[in-house]
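Just dropping this structure here.
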Amino acid sequence: MTTNSPIPYPFVAIVGQEDLKTSLILNVINPGLSGVLIRGEKGTAKSTAVRALADLLPEIEVVDGDPFQSDPRDPRAMAPDALARHLAGERLPVRRRKVRVVELPVSATEDRVIGTIDLETALKEGRKVIEPGLLAAAHRGILYVDEVNLLDDHVVDVLLDSAAMGVNTIEREGVSLSHPARFTLIGTMNPEEGELRPQLLDRFGLCVQVEGLTDPARRVEVVKRRAAFEDDPAAFAERWAGETEKTRQAIAAAIAAYPRVKASDAILYAIADRSLKLGVDGHRSDIVMLKAAKALAAWAGRDEVSDADVDAAAALALAHRVRRRPFEGIVREGGREKGEG
Amino acid sequence: MTTNSPIPYPFVAIVGQEDLKTSLILNVINPGLSGVLIRGEKGTAKSTAVRALADLLPEIEVVDGDPFQSDPRDPRAMAPDALARHLAGERLPVRRRKVRVVELPVSATEDRVIGTIDLETALKEGRKVIEPGLLAAAHRGILYVDEVNLLDDHVVDVLLDSAAMGVNTIEREGVSLSHPARFTLIGTMNPEEGELRPQLLDRFGLCVQVEGLTDPARRVEVVKRRAAFEDDPAAFAERWAGETEKTRQAIAAAIAAYPRVKASDAILYAIADRSLKLGVDGHRSDIVMLKAAKALAAWAGRDEVSDADVDAAAALALAHRVRRRPFEGIVREGGREKGEG
Amino acid sequence: MTTNSPIPYPFVAIVGQEDLKTSLILNVINPGLSGVLIRGEKGTAKSTAVRALADLLPEIEVVDGDPFQSDPRDPRAMAPDALARHLAGERLPVRRRKVRVVELPVSATEDRVIGTIDLETALKEGRKVIEPGLLAAAHRGILYVDEVNLLDDHVVDVLLDSAAMGVNTIEREGVSLSHPARFTLIGTMNPEEGELRPQLLDRFGLCVQVEGLTDPARRVEVVKRRAAFEDDPAAFAERWAGETEKTRQAIAAAIAAYPRVKASDAILYAIADRSLKLGVDGHRSDIVMLKAAKALAAWAGRDEVSDADVDAAAALALAHRVRRRPFEGIVREGGREKGEG
Amino acid sequence: MTTNSPIPYPFVAIVGQEDLKTSLILNVINPGLSGVLIRGEKGTAKSTAVRALADLLPEIEVVDGDPFQSDPRDPRAMAPDALARHLAGERLPVRRRKVRVVELPVSATEDRVIGTIDLETALKEGRKVIEPGLLAAAHRGILYVDEVNLLDDHVVDVLLDSAAMGVNTIEREGVSLSHPARFTLIGTMNPEEGELRPQLLDRFGLCVQVEGLTDPARRVEVVKRRAAFEDDPAAFAERWAGETEKTRQAIAAAIAAYPRVKASDAILYAIADRSLKLGVDGHRSDIVMLKAAKALAAWAGRDEVSDADVDAAAALALAHRVRRRPFEGIVREGGREKGEG
Amino acid sequence: MTTNSPIPYPFVAIVGQEDLKTSLILNVINPGLSGVLIRGEKGTAKSTAVRALADLLPEIEVVDGDPFQSDPRDPRAMAPDALARHLAGERLPVRRRKVRVVELPVSATEDRVIGTIDLETALKEGRKVIEPGLLAAAHRGILYVDEVNLLDDHVVDVLLDSAAMGVNTIEREGVSLSHPARFTLIGTMNPEEGELRPQLLDRFGLCVQVEGLTDPARRVEVVKRRAAFEDDPAAFAERWAGETEKTRQAIAAAIAAYPRVKASDAILYAIADRSLKLGVDGHRSDIVMLKAAKALAAWAGRDEVSDADVDAAAALALAHRVRRRPFEGIVREGGREKGEG
Amino acid sequence: MTTNSPIPYPFVAIVGQEDLKTSLILNVINPGLSGVLIRGEKGTAKSTAVRALADLLPEIEVVDGDPFQSDPRDPRAMAPDALARHLAGERLPVRRRKVRVVELPVSATEDRVIGTIDLETALKEGRKVIEPGLLAAAHRGILYVDEVNLLDDHVVDVLLDSAAMGVNTIEREGVSLSHPARFTLIGTMNPEEGELRPQLLDRFGLCVQVEGLTDPARRVEVVKRRAAFEDDPAAFAERWAGETEKTRQAIAAAIAAYPRVKASDAILYAIADRSLKLGVDGHRSDIVMLKAAKALAAWAGRDEVSDADVDAAAALALAHRVRRRPFEGIVREGGREKGEG
């Protein structure tokens, strides 16, 4: 039923699915949240929402012409070539463009993900001819994997290594090139096809569960909007342009406000208390909750984290970290509002 | 028993099998229905019907000489080369031809499905020498997989990626080319050889179950027609030519009428009600039912969807989407008329 | 005990095994019967009979020098090169030769079965240098697989695709050539080593079960003939030459008579009745039975199908198509006469 | 404990193991017996006996310089090159040499067994540069596989195809060459490491079971001879040279006498009776028994098969052909005398 | 939650986790301890601590420009090239630099670990063009494997061989080069994803179990420090610089003191007693305990091993060596203090 | 805990482990014993002892510059090149050097074990450019496999073939070279990681079980010696130099005396009796026991085998040959003295 129209369905026209939409926006506000895993049945708006997100993303500066998305102002986020030019005193050409959503197809080979080196030229001419991979394209952006639980184990290993080290290494028969590769990982999955390896599950900062709407009126609204969109995508998008622009500006404001958001010691203790009560492993949950709560406050226009922010953050950050317990209980708590498919 | 005659058995000469024939015609009227999965025992007319369909398909316009079936009037359905020429202001040469049925053999390699790149030439001469695959040939047409449940997992991944993104990427050691690849997927399967992965199952808009006829008189009719056809395929086709032409025109009329078909709010609520009662996942089923019901109305020459259209659409669209329940009950309901083998 | 003598054991000197011999001859009379599967224990005359069959086959006309066995009188059975010459108005050189038995060894690679393309030359000189495979050699003839149940799954997929489409596609990295490939498939198997995939089983028109003889006098006759043959193959063949010639002429007569054989409606109903009673899948069984019955009538010199022909045809055509029931009961019915090993 | 001395242990110095020695000699007398499978525990004289056999083999004539062992007097046993020269009227150079024992190591690759083609040269110079494999070397000789039950399945397929067709096909990317490959297959196995596939088991004409000696005096004799051999292989061989020569002459006499050996009808009925009583599959057992019994008569200097010959032949030919019954009972009957290890 | 900042989190700012920190420091004091295995749940400071360790490591001397980290003063720790120059009397250029932490990603290929040889150049120019692997880079340093239990079996074999022989052999089609490869192996693992092969487990001198802190106040401290670090890594590191420098000097002092540390016979008997009581295999545990106890004494500024040192050493060295018993009991004993995540 | 010092730990300084040390020395005295399998827990002196053995090995003569260790005095132990020169009458250059211990790493590829051929040069220049493998290096020496039970099945097949035939064949695409490859196989294994294939087990002449010492005083002695060795390997070796030299001379004397050692018939009967009582397979055990007993007598300076020699030989030769019975009982009998780890 995907129409594959090059015009994406507007994010703001999605009916319901508040958890899903919030978790995506929080990751735009603070990319340090490390992504979101979207679990849900077939035919819910999982992919639609992620693709629609592209429209709302802020701009970043990149070194013009650099296939590795080097940051012209931060040597630590530069690939070797840009770094060499920077160190040689060159003033790197700057281009502004939107943060990118890079899609990783399930059938992608390791070469396509990692990139390759044309070894012959490398050896003959002493020059590394690099074909950057999807990890280079996703640096400083969003890497989106539809059906992330179907990924080949080898590709998962590559994602884990890259997520752990913030670096991707392209190599072929001993010749190698490393470049920064830091990205927000967004994955969707239908649990019917199998679960994630614990290691990969842990790499997602947040997790939401999406389900179809059960209110007939809202279902009809979904079908009406969808039919209208398929009849004429451009006109439909136009109709929602105002709403889209408003959301875009709200996100920009929240990004700007985030560093000023404060969390009291009481809030920090409330966060620690959550993790301890649920028995989640380690400390990562505390830090994700703090970041999510601050992003929620910024999104709400406040500069102080509230107890409600902690509640909402816990609902998004803890469900997939609870050890050996069923998911649903917790997800339902924080995911009561259901959405469009 | 396949005679492999280059002259296909006439679609209109198939005895019975109304569900199968209807589901194929609906997909021709609205390719947005995303195909049909034909389940059934050995020796029923599954393959015969799909191959016969070719005769009834309408014409489309393609860029002449373009192996990617680029649409001369829609830049979003153009492959890179045609698009570049279009953007350079060239008036692309147009050719009219029938929508194509491309057959994907179970033994096909990934290279044959995706296409390949002659890397040496690409690197030496800076020119990409592309050998387009079956997905390029099937763009804007029908991709037919006999025994779809026997497909290699890697090829299934490729089909899923392509169906999800509307794009196919040919790549070899880092050199890559992407082109639009949107097709109606038609698959047959004998459940004795194993079921489909849920992910692939969900990609089929409709699903029908075919069985052998149990009325002796109709069985004898099948054998008589089949024997007559094998004795002299050309003469047999000639005998059915009038009927074939009538069906062809009826399909063309339905295609033209489709955009004018209306569905009342009562109809939309009836559709939502069906999905909710059967507990199917998500919202895809509602949208498929709406499209199928509209196509049925157009096929019947009406410009308003009726309750009977919803009933028939539900029989075709819901059976394979019901969660964890046996198939037969539902399929039988909407699939009472059996057909030829 | 295979002597591998280049002179085959005479078909007519095989003791007993009437079912096996009849099923082979029926396929020669009407290649549309799609072959025969020979099941049986070790050391029965399975391979011997198939190899001996070569001696009895009629002649066909082929395009001289064409490795694809193109039919000089039928463009639809021509490979691309012959077809191009034909379309260019060339009068194709004709050669008469016997129908061929092509043996597919269990260890054959996919390349050997399908054929290959010398890619380098193809790209450099713009000329496709084809090395045709066993499927090209078997076009319009018999493809024989000893121990067909041991075939590699990939090769089985190739056979199924070829049988389903009547076409074989040779491809290598995107360069491809398709040619007609229609053959009678004859396979032997010892069920001790595993059963066939249902899909492949269904491709065989007929199926016979062979067993060793239990009458001591006939066993001694087998050994005597076999020993005489091994002592001096040429002399032994000479001794049976008259019988061989008589059978060859009888087959030729039956081929000529086949198109004139009629089947009454009563016969057609009797056929449909058989399938329905045994609960076989679909309609293929009816059509195979009709063809087998007609071939039996032709072989007996009659031009009307009798009830006995239907009985015999049912014994050969239905056993392997009955759903989920043990084989033996039915096979025994129609396979009472046992034969030589 | 294999000393790997290039001088083999003398066949005639092996203590006991009469079954094993007889079965090997019978295969030398009549290669049509299709080999012997030697089953037995570790450390019995299995390999020693086969390697020792080389010393007793008769001479054959081969085309000098031909790596395919073409027979200068039999066009049907010639490889393509020799055959072409023969057909061109050339008088082929003849060389006499002993029948060869070719050893097939368990780790041998398919290429080494089948042979390969240097494709580059073949295409460039239009000349097939063949590297013949072990099957070419074993033509008209003995192919010996130690631990035959450990062979890779692909290599087993190659052996079975070659045994079934008497032909080996060397192929690489569509270029191919076929040559005659008929050999006596001798295999040893320790059942502890797994059984044979039924298909391969059936290819062995005879089967013997060897066990260690249980009489202390004979065990000491084994150790004494073995120690003497290891101290000075040449001297030991010299000591047994007379015995060896006597056996060699006896074998030559039996080969000459074999064609004159007669079997009465009573004998043939006795043979058939054996197979029927034990319920072995098919007729191969009868024919092997007849051949073995005739070879036993020839070896004993008689020109009429006796009842005792049938008994002994049955003991060697039937054990591994009895369906679904334990081996030991039968083997013990005909294998009472145990031998050296 | 990994920020992948190029500035590592300061080792000394890690809250708690005393066992983990001690075991790492002991390995720096005496690399002969052969590394440490860090077991623990997700989100504890496992990786953080290892990466932080880099800051505290002492300097070593290497042959300048040598990719194999050859020791300019020890011919036995030189790679072939450096050794050849040394033997030729050349005075090798010396460079001082810190001991290195080399990270082995789970997705690394064998080639990347072992290194490769450019065979073409090697054969054509008689010159070995080596691309050293991670084992060359790790020589005389630390090899760190995050998620060591997910390593491919082939890579584990390479690590085991290298650990056993102190040598790594780079080879490609028969050309090979061996170089010294001795390293401290540090691995982390989450037991949820599977256990280690016993062989690899045994290669780790020490083993610690890390768990999240359960004291709310300390959890809040962890989050506060972490948030401060992520806000401004440089400023945070600066704040801890004094503490870091103190630890660095203490380590240097302990390294210098180690050779002077004595262990009385009573201590040695206490060590032997520990192994015998727990029933650990072999003698390796005794020797590791002795080394660890001496390093603990050196770290505490004493030159005599105390009973408490033996207790602490046993807690680190024995847990993973006890045969077939659950881990927790013992680890808990010696690992009571928990730490940051 | 392996220090990987290039100076090996002195054999004579190993505490206890008498069985292990004796079995190694017996194989040096008579390489016809075909090696020893060392079973034992982690951390016992298994590897240490084998590596230490190198120091005690006698010298042999080899053809100078020959990578196949050809014996200048024995054409049957020459590789093709040396043999050709010898047959051409050349006086081969002789070099004396110690018998070598060649280590086969578990991660070694088949190419590295077997060797390879540079095919391109071979075909172009008609010259075989051989890269000999580890089997060539081990000819006439010791092949040592640490963790022999972890070897890849393909490499095990290669070892078995080579052990069975005394020959190794290097081949690549049909080009091949065979050279003698006879070696003493020494393997260690920790049964926790899995058992050996029976076939490989049988190739080891002797088998010992090693365990850690349980006497505290001896354990302390082990640690003391080990610590002293690690502090200063050269000084430690120096301290044991006298003892080492004495052992070296004793071994040389035993080698010289071995051919003169006699075994009475009573001894031979005692040996046969042992095998029969324990029910070992075949005769290999008798012959190994005889050789081991003679070597023990030679080592003890006697020229007559005693009953005690038979007892000791049985303890080493029979344990791993007893059919289907637990190991421990027997091993304990002959392996009472335990040793260092």
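Read from first to last, the chains carry the letters A, B, C, D, E and F; within each, the first residue is number 1.
Note that a residue touches a chain if its C-beta (ideal position, glycine included) is under 8 Å from a C-beta of that chain, and two chains touch if they have at least 3 such contacts.
Note that the structure is a prediction, hence the values are computed from the model and not measured.
Enquirer: Enter the minimum step count from subunit B to subunit E; a value of 1 means the two chains touch.
Expert: 2
Enquirer: Mind listing the chains that sit against subunit B and also against subunit F?
Expert: none
Enquirer: Please decide if copies subunit B and subunit C contact each other with the same set of residue positions, more than half shared, or with different positions, and reply same or different.
Expert: different
Enquirer: So subunit D and subunit F are the same sequence; what rotation in degrees superposes their CA atoms, nearest 5?
Expert: Rounded to the nearest 5 degrees, it is 60.
Enquirer: Name the chain whose C-alpha centroid is farthest from the C-alpha centroid of subunit F.
Expert: Checked the centroid distances; the maximum from subunit F is B.
Enquirer: Using mean CA coordinates as chain centres, what's the gap between subunit C and subunit F in Å?
Expert: From the centre of subunit C to the centre of subunit F is 59 Å.
Enquirer: Approximately how many whole Å separate the CA-defined centres of subunit C and subunit E?
Expert: So the centre of subunit C lies 68 Å away from the centre of subunit E.
Enquirer: Taking the mean of the CA coordinates per chain, how far is subunit C from subunit D in Å?
Expert: 34
Enquirer: For subunit A, jot down the residues that touch at least 2 other chains.
Expert: Residues of subunit A never touch two or more of the other chains.
Enquirer: Using the contact definition from the top, classify how the chains connect: line, ring, star, complete or other.
Expert: ring
Enquirer: Output the ring sequence of chains, start subunit E, direction subunit F.
Expert: Around the ring, beginning at subunit E and stepping to subunit F, we get E, F, D, C, B, A.
Enquirer: Show which residues of subunit B lie in contact with subunit A when the two form their complex.
Expert: 32, 34, 76, 110, 123, 154, 157-158, 160-161, 163-167, 169, 171, 173-176, 180, 182, 197-199, 202, 205, 259, 265, 268-269, 271-273, 275-276, 280-288, 290, 321, 323
Enquirer: Which of the residues in subunit B end up touching subunit C in this complex?
Expert: 1-6, 40-45, 47, 103, 105-107, 109, 111-112, 115-116, 118, 121, 129-133, 146-147, 150, 190, 192-193, 212-214, 216, 219-220, 222-224, 226-227, 230-231, 340-341
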